[in-house]
Amino acid sequence: MFKKILIANRGEIAVRIITSAKEMGIKTVAVYSDFDRYSLFAKMADEAYHIGESPSAKSYLKAEKIIEVAKQSGAEAIHPGYGFLSERGFFAKMCEENGLKFIGPGYKAIDLLGSKTEAKILALKNNVPVVPGTEKPLHDFSLIKNIAKDIGYPILIKASAGGGGKGMRIVKEEADIESSLRMAQNEAKSSFGDDSVFIEKYIESPRHIEFQILADEYGNVVHLGERECSMQRRHQKIIEETPSVIMDEKMRNDMGECAKRIVKAAGYSNAGTVEFIVDTNNKYYFLEVNTRLQVEHPITEMRTGFDLVREQLKIASGEKLSFKQEDVVFKGHTIECRICAEDSENNFMPSTGKITYMKNVLSNGMREDTGIEQGNEISVYYDPMISKLISNGATREIAIEKMKRALRDYKLVGIKSNIAFLLNLLESEEYVSGNYHTQFIEKEFLGRLSSQKSSTDEETNAAVALAAVLFKEQKSLKIIKKAGNNSHSNNFWSNKRTESYR
Amino acid sequence: MFKKILIANRGEIAVRIITSAKEMGIKTVAVYSDFDRYSLFAKMADEAYHIGESPSAKSYLKAEKIIEVAKQSGAEAIHPGYGFLSERGFFAKMCEENGLKFIGPGYKAIDLLGSKTEAKILALKNNVPVVPGTEKPLHDFSLIKNIAKDIGYPILIKASAGGGGKGMRIVKEEADIESSLRMAQNEAKSSFGDDSVFIEKYIESPRHIEFQILADEYGNVVHLGERECSMQRRHQKIIEETPSVIMDEKMRNDMGECAKRIVKAAGYSNAGTVEFIVDTNNKYYFLEVNTRLQVEHPITEMRTGFDLVREQLKIASGEKLSFKQEDVVFKGHTIECRICAEDSENNFMPSTGKITYMKNVLSNGMREDTGIEQGNEISVYYDPMISKLISNGATREIAIEKMKRALRDYKLVGIKSNIAFLLNLLESEEYVSGNYHTQFIEKEFLGRLSSQKSSTDEETNAAVALAAVLFKEQKSLKIIKKAGNNSHSNNFWSNKRTESYR
Amino acid sequence: MKKYFTNNFDSKEKDEIEFLNQNIVSVNKKEYDYDYKFLNPNVVMLRMNDKNFIVTVSDNDEEEFYDVNLGSQMYKIVAKSELDLLVDKMSSGKNEGREKKEIYSPMPGIITKLNVSEGQKVNKGEVLLVLEAMKMENEIKAKKDCVIKKVNVTELKSVEKNELLLVLD
Amino acid sequence: MKKYFTNNFDSKEKDEIEFLNQNIVSVNKKEYDYDYKFLNPNVVMLRMNDKNFIVTVSDNDEEEFYDVNLGSQMYKIVAKSELDLLVDKMSSGKNEGREKKEIYSPMPGIITKLNVSEGQKVNKGEVLLVLEAMKMENEIKAKKDCVIKKVNVTELKSVEKNELLLVLD
């Protein structure tokens, strides 16, 4: 096993990696930007090196600098976390060239799976279903029509030079193919100077389901079950859960075996995630492989009892997987909610500022992963995730109830957060029944949200009004008293009854 | 299910009960003493009623007052937690007489199992082994000698009127029986005016192993496995774990069935714990039944996936157990450490004062149950437990490593705590091998502890010296600045490099 | 016996709060036994007739109301003392009709899309520009029907927090 | 260029600390790049040559040293500036031989056992009395061989915190 590793990341995932490494007796080296000088992860690591200014491009993306620190500190391996350099083949390669172990797959596997086209070809070769469609750009009208007929409607036309939704068109039935195709090609021609298009089957109301896999460096691969990640807004996952309500034992086995086949074929090692989309008939199609630890990995940990970071470190240090597929036992139901600094009532605008108060009550079945402490600043430099709350219960119903209780008791002051939005989502009929998909929030939920303000009872109303008045009064007292005496504790000015209102 | 319950307790166990009740949509009523007016549990409950002064006798033990509040608030049931009124049959009876459901067994079962003699008779009747010995006080010399021979040496002679170790004598072999008996009887005569004695088998280096049981009100009983609680000092449990290293499947089944028989025979319902002592040959003997939730219940929860408070509430509201013995699945290894406000280096003197800083980092596999918040006072009124840390890992080794990491990263300022002592215990050879018993700490560990101060390396030494100097400097700055400006955050005076030392 | 009046910005409900003595407050003439503790300058634990309410209260960035949060519900509350109301009355008319005419950047970022030009009429809800910050595209929308009087930025320009972006008419 | 001297109460090790500039400190003539932040008046995060140390420091109740905690280890450290040492030198002799001669109650409780009487000789480590508080029996032991000069309490007496229990000789 390694004696010392460097964590090329920040925030909650750096904390997460440091804890498992420390548990294994491995020394940890953090790297930090100006902003993160005193952040939790930088304090927790055994060593911490400054690598640059706050913008990621000037710190966490500086591959050479990070490699230099690794060598200087005597680290033997680098854990990239997620985001930043984690899926950059060139970085994995640089590590190798500098005699450092990259805690993740080899750079060849990263590059292979990083190419959508190559990954798709690999999937097809290995009997893993992909969304039916053309692999090459097409011009010819009648050819396209024939292919569309084969695939079956609805289909999606995509400009081959396009991106970000530009030049895309959904065609519901054959009658519309000619006009749609003409419009798409004209649009593509004028936008990109290239009228060639791809076509593929359009999946309506799809679910996003992914499989966690672990592969050692000797060709042994297991999957640790699925994660249902369909609760998304603008492709950002918000709530994840395992198991998926649509999954049965057969489907789990089939998809799990698909996931294993594709990573095996790619010569993959370490932890990874194979993503699928699933249509309303529970037909699944390979989407891509994320060649790193996922944000939502804790739900898999709580349902299987494994520590994924520990497994990553063991694999990277050359150990064989210590268990087989049949040893993986799933138990209970687990949910993750991402608490983010954003204003759900104002178009999810990111919210910056200082967190002046932060308090959880976890108890039975709850876990929190966070890199934030009370007093920390939420900045514009990094993503707005404050914390991941994870609940675990014997049943899905219990897991939901635990999550809702913990969210209600979670207090966060100084920035706006999506806690109320998360609670609304968890209480939606669709979430309760499990009947949701990746477009649910944007197409159905948001519109409904603004119209449903629950009424307030007399007592709540009185409490709200009184709290506002007490706040106003305290503020004016504060101004009169100016600074006042400094109290070290968290329990600020308590208004004991004796010194209370006249 | 109940709509509203009252929690007749305080601190971490009140918080624990409130969270599960809230998850089930049950309204919660707290009762608090003067000291607890703003304690976490009293803030978290939906309602909170003042019941008296800080000493327990004037608040948490005032049965009538608590019943009165329950009726006034419209609570349908009372959860007694542990300690205080939880094992008092008269309180359970008062609840019943006032139309309130006592969340625990009926008062008859409490009284029956509360009597050591009656519980022992019940055990014998139901083929549950007890420590061999006499049930009645004896005077006669030769009779005693014969019985001692039957039981087998070593034996323990106890004055029937004695208590607290007075008039107790261990006899290792038959040659010593006459003289020991004479001395014990003389001592008993002079101390208590009664020279009758009991004799029983003396169990050397015993383990304390207990079984969690759940029983509904229809005679269905399951056990949720054992808890090894042998890490004790002066009969106070310090570290608990499950499974016990000495347990195999057969022994677990045998002991579990014993536990079930005895509670069934007692007409018991709700959660309970059957305690055994186990000798060095793994022979077990029934000790007593704790007729309430235990402090260490979380380790059973983490290993089985059940929520014991939820089960208690379901049983008390008249539901049947929703699972059978064969549905109970054990997974992984779980350990609890009790963090207490005490000075381990000074004879474990309780430490009182204000907790000015309190910080945990939990992450994968860790849980914390606490009723304390930063800024809270540790008082003389209640027990000195600050927090329960619980770790969970796929193996015992992993669970130990996780616990040690979390303890090292746990910061507590303002009072002395036993964190360093816990770490030393976890690192002892005996704990690592699992080879310990209830007398280990007092007879073996404490003596060894003082002699083993580990040496300090140059860097650590430098850091310790520098920290002391910086502290001194900050203190004098503070005196000069007097009050200074009030900062709301947790991150007190940070000495940025720019304003740093000359 | 200090008296306050609060006003819920959304529901338009008005409440009257009067402190009767150190333990009793009346809200809309109904008396409550009360106790409170500030856990933090913005978090107050209120106990009214033995019921607990943990309420967070913050100043709203740009408006005169407070953001009050209880449970998962947000409320916009204006609180005024009798004295405040008197002052308001005396100075009424002066600030009448004052409205937000400027749009400032809520955070540093880059203008990735600018949909409007000077003189253009826009409708409420229309996206005026897109500001990319914190890895997210943030749409700045019109809060009411209006005319764009001045455009202070160009596409792909970096802006600082509180930089003036647009002036409306 | 302020200089300090520290003294480990247990190991008797002495260290010399000199602040060379705002980033560099020398400890026993070895230079360290350093940075620090107080997370709380009693918790300091130290970074020395990029190594992290989270150290808690508290005043000890009755002694002139600080209780310093790093990892799971406790240290008793006396810290003095050059000036302090000068002052000590000038006043030396005055407080020479000053020792703890009184035993005060560390907390409120009840004396459940009193093992000594006036004039009795006791050895180091001997239990002088037992104080019951917080549901626990706490043994008060002799810190050195001595003679009991005065007994201020009786068995079963309740005592307050800091109440004088015994005077030693």
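We just call them A, B, C and D in the order they show up, numbering each chain from 1.
In this section, a residue touches a chain if its C-beta (ideal position, glycine included) is under 8 Å from a C-beta of that chain, and two chains touch if they have at least 3 such contacts.
Computed from a predicted structure; not experimentally measured.
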>> What are the mutual neighbours of chain A and chain C in this structure?
In response: B
>> Farthest chain from chain A, going by the mean of C-alpha atoms per chain?
In response: D
> Cα centroid separation between chain A and chain D, in whole Å?
Replying inline: 50
> Quick one: chain A and chain B, Cα centre-to-centre, how many Å?
Replying inline: 39
> Using the average of all C-alpha atoms in each chain as its centre, how far is it in Å between chain C and chain D?
Replying inline: 53
> Where does chain C touch two or more other chains at once, residue-wise?
Replying inline: 35, 37, 40-41, 51, 54
> What positions in chain A touch 2 or more of the other chains?
Replying inline: 38, 44, 356, 359, 408, 488, 490-492, 494
> Touching chain C in the complex: which residues of chain B?
Replying inline: 37-38, 42-49, 73, 488
>> Could you list, by residue number, the parts of chain B that touch chain D in their complex?
In response: 234, 345, 347-350, 352, 356-357, 359, 380-384, 407-408, 411, 413-414, 419-420, 423-424, 453-454, 456, 458-472, 474, 478, 490-495, 497, 500-502
> In their shared complex, at which residues does chain D touch chain B?
Replying inline: 2, 4, 6, 8, 10-11, 13, 15, 17, 19, 21-23, 25, 27-28, 30, 32, 34-44, 46, 48-49, 51, 53-58, 66, 68-75, 77, 79, 81, 106-109, 133-136, 138-139, 141
> Taking the complex as given, what residues does chain D use to touch chain A?
Replying inline: 35, 37, 40-41, 45, 47, 50-52, 54
>> Quick check on the complex: what are the chain A residues that touch chain B?
In response: 15-16, 19-20, 22-25, 38, 40, 44, 298, 301, 305-307, 309-310, 329, 331-332, 354, 356, 359, 361-369, 373-376, 392-394, 398, 401-402, 404-405, 408-409, 483-492, 494
